[in-house]
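Per-chain residue numbering starts at 1, and chain names A, B and C are given in the order in which the chains are listed.
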Amino acid sequence: MQPDTTPEAGTIRPEAMLSVRGLKKVYQTDGGDIEAVRNLTFDLRAGELACLVGPSGSGKTTLLKCISGLMAPTEGEVLLDGKRVSGPPKKMAVVFQEYGRSLFPWMRVRDNVALPLKNQGVPKAERDRLVDEALEAVGLSHVPRSYPWQLSGGMQQRVAIARAIAYQPEVLLMDEPFAAVDAQTRADLEDLIRTIWKKFGVTVLFVTHDIDESVYLGERVIILSSSPTVVQEDIRIDLPVERDQLETRSLPRFTELRHHVYEQIQLAKKGHRPAAAEPAQAGSAAKPA
Amino acid sequence: MKALKTLGYVLALPVLLVLLWWASTLGAVNFFVPTPAALVQKFAQTWFGPRFFSDVLPSIGRLLVGVVAAIAIGVVGGVVIGSVRWLRALLEPTLEFFRAIPPPVLVPVLMLLMGITDSMKIAVIISGCVWPVLLNTIEGVRAVDGVLSDSAHTYGISGWARVRYLVLPSASPQILAGVRQSLSLGLILMVISEMFASSSGLGFTIVQFQRSFAIPEMWSGIVVLGLLGVTMSFIFQWAERNILRWYHGQKEVENAA
Amino acid sequence: MSADALATGGRTTRAGRGRRTGKRAFPGQRLLGLAGILGFLATWELIPRLGLIDAKYLPPASEVVMALVRDLGLTAFWVSVGETMKAWFLGLVLAIVLAVVLGFVIGSSTFLRRATNSTVEFLRPIPSVALIPLAVLLFGVKLESSLMLITYAAFWQVLIQVLYGVADVDMVANNTAKTYGLGPLARIRYVVFPTALPYLMTGVRLAATVALVLAITAELVIGSPGLGREIALAQSGGAISGMYALVLATGLIGVVINALMRLIEKKTLSWHSSVRSEVIL
């Protein structure tokens, strides 16, 4: 399968689709500055499916906002296909956790999916094809005339995913997309993401706080430390490509990986910081807020 | 059967009230209150004739022009002011003051500035009706959901497309609440501007009837204004139901949960 | 009918969340607001001074403000303000009492609610100014004329809100209260009234504004004593600065009434968990 090396922090790889380099984000508030993200560096190769997992409050959402160009980092940069991200890039789509608030309630499902394409001036025939394909892929071909709020939470999130893939992004960012749906739906949606990833060959960065989910979904799991955030560990998930909710989760290797990630997160919560991050951190730690 | 019951609920009280009115006029002739029959007769006589074209239609025309202009100004201004934070901070206190001025006092002011003309009457309607729409639009634009806004942003929806697909629909419940207030205010201002300074129009005619003690005619004029108000209200409700179908549906789902 | 639900804050969830980010004051916000007012006054000052509009018709702001300050020292001015406020207050109170009594009676019976619905929907949109000739005929140039118009206009505002409020109860807590064995009176006291109170307060706030509009209208058109009549007199008498000063005064009264009503609403509802979203009237 993949070579068994984890991408080294800081090295620029020519084939990197998404690179986050020395990212730092400090919020200025009335009560003084808050350092949410200290120093994050990692690369995603084209077509990779990586999960980003960390303890709650580890700046996952901040990181995602910086990557998606919604927020400017205080230091460092994000490169998409070698180009610096300064605003929401065309080649990227984001799926948010709050499905109820990310779809336009005044538009029907089909119009929601089609809007970004329409806005880009994609011709009608092409647009229809892409929308049909996307709705088909998420299993929602039967509800194009419904309004999003008429659907269940899981189905709404499917619409959001359909909208993202119809946009034909090269990178798909997902911000805890299944945190607010019930367990059964969640399992289905996880499998859906794997299917879509294989079908469309898109690079996926999946943010979650769920350890099981990260191991089950990812080809790679990036573990974040607690805030101020650095990369705690970056591990390859050497599970078979074909995954199955029952079989994969009962593999001994799955349990091992799950264990490992769990330990790392516990360590992160206790404030343990990886030795590897310290040298890079020393530079910025010299001027704390 | 069910439809019959509904009809009963709709009609019973109005019929009862008309009967009461009729019964109360049976005895001695009351100077102030005409009988229902007399009123209906006067109503037809008074308003279905040349007066319809000389007084009723021009009044309605001015009302429409004024209200439509006020809505247009209010929505455009509201979107601009609501989208620019410093502009909103700069203008909001002043606008709040303008909204607090009771609109009828604008009649003498505009009369002074513009003379007694049709454009003055339209200006009165505009300058009274614009505030509810303007301030509600500002409020609605400001309250656009953050996640929705981020979503639109990541898909490259900006500028006019953002206004068209995100800002206006999102603010439409508030905008329409403002429009509703504007409509009833517009009707009031139309009447006042004609009562205060005019030689034609609905308001003027009705006051003339009152001054010449043409009581049934006066009542029939009140009925015309009432019908106008009710018609406008029904048209608005119909339009609102259609425009905000999504909003009411969503609310229903949320309340049921 | 649905738009009224808006005014009572059906929109708490979506708008509420958006508002938190929007409402956050930023440094200098108040100063900017003040600058806006000063800018407006300066523009007003300049328009007649530059001759864009004849000062005969639009005197400069400074002149009008001076006239207002002069007014503030005159007993006659305060008598007029008193007349206006008296009509406003009496009309408003009358409307509230009538609307609350009728609203609770109609609202608590499904039969009455259904039977009155068409009549309410028909009478409500009738513009209260349509009653001006009738009021003049019945009462002439007196306080009663103003009261009739004010009460009619304000009544519907309150009634509709009370009806919504009482209807809101049906669905929520009444059954719970029944299962706990609360009688009808106790239910009104502990369930119906607290639920309807926020709606009532919204209605009162809207009614207060409408009542002021109608008070001024009555004085302006009918000529019952008060600020409105003074404005009409000043205009026809050519005391233009005086007229503008009085217009400013009515605006200030409007601002004070708004602020007062919001304060009362806040105080009455401070215990209420769902702080209702505001849709501006």
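Here are a few things to note about the model shown:
Throughout what follows, contacts are C-beta pairs under 8 Å (C-beta built on N, C-alpha and C of every residue); 3 or more make two chains touch, one makes a residue touch a chain.
Quantities reported herein were computed from a predicted structural model and do not represent experimental measurements.
The highest number of C-beta contact pairs joins the chains B-C.
Chain centres here are C-alpha means, and the one lying farthest from chain B is A. Look at where the CA atoms of chain A average out and do the same for chain B: the two points lie 50 Å apart. Averaged Cα coordinates give chain A a centre that lies 51 Å from the centre of chain C. Inter-chain spacing, taken between the CA centroids of chain B and chain C, is 16 Å. Those residues of chain A in touch with two or more other chains are numbered 101. In chain C, the residues touching two or more other chains are 14, 17.
Each of residues 145-146, 254 in chain B touches at least two other chains. Listed in rising order, the residues of chain B touching chain A in the complex are 145-148, 150-151, 153-157, 161, 165-166, 169-170, 172, 246-247, 249-250, 253-254. Chain B meets chain C in the complex at residues 9-14, 17, 32, 85-86, 89-94, 96-109, 111-113, 132, 135-136, 139, 142-146, 173-174, 176-178, 180-181, 184-185, 187-188, 191-192, 195-196, 203, 206-207, 209-210, 215, 218-219, 221-222, 225-226, 228-230, 232-233, 237, 240-241, 244, 248, 251, 254. Within the complex formed with chain B, the chain A residues making contact are 65, 68-70, 88, 90, 92-94, 96, 98, 101-107, 115-116, 119-120, 147, 149-150, 163, 167.
Residues 1-3, 5-7, 10-11, 13-15, 17-19, 21-22, 26, 28-29, 32-37, 39-40, 53, 57-58, 114-119, 121-122, 124-134, 136-138, 212-213, 215-217, 220-221, 228, 231-232, 235, 240, 243-244, 246-247, 250-255, 257-258, 278-281 of chain C are the ones that touch chain B when the two sit in their complex.
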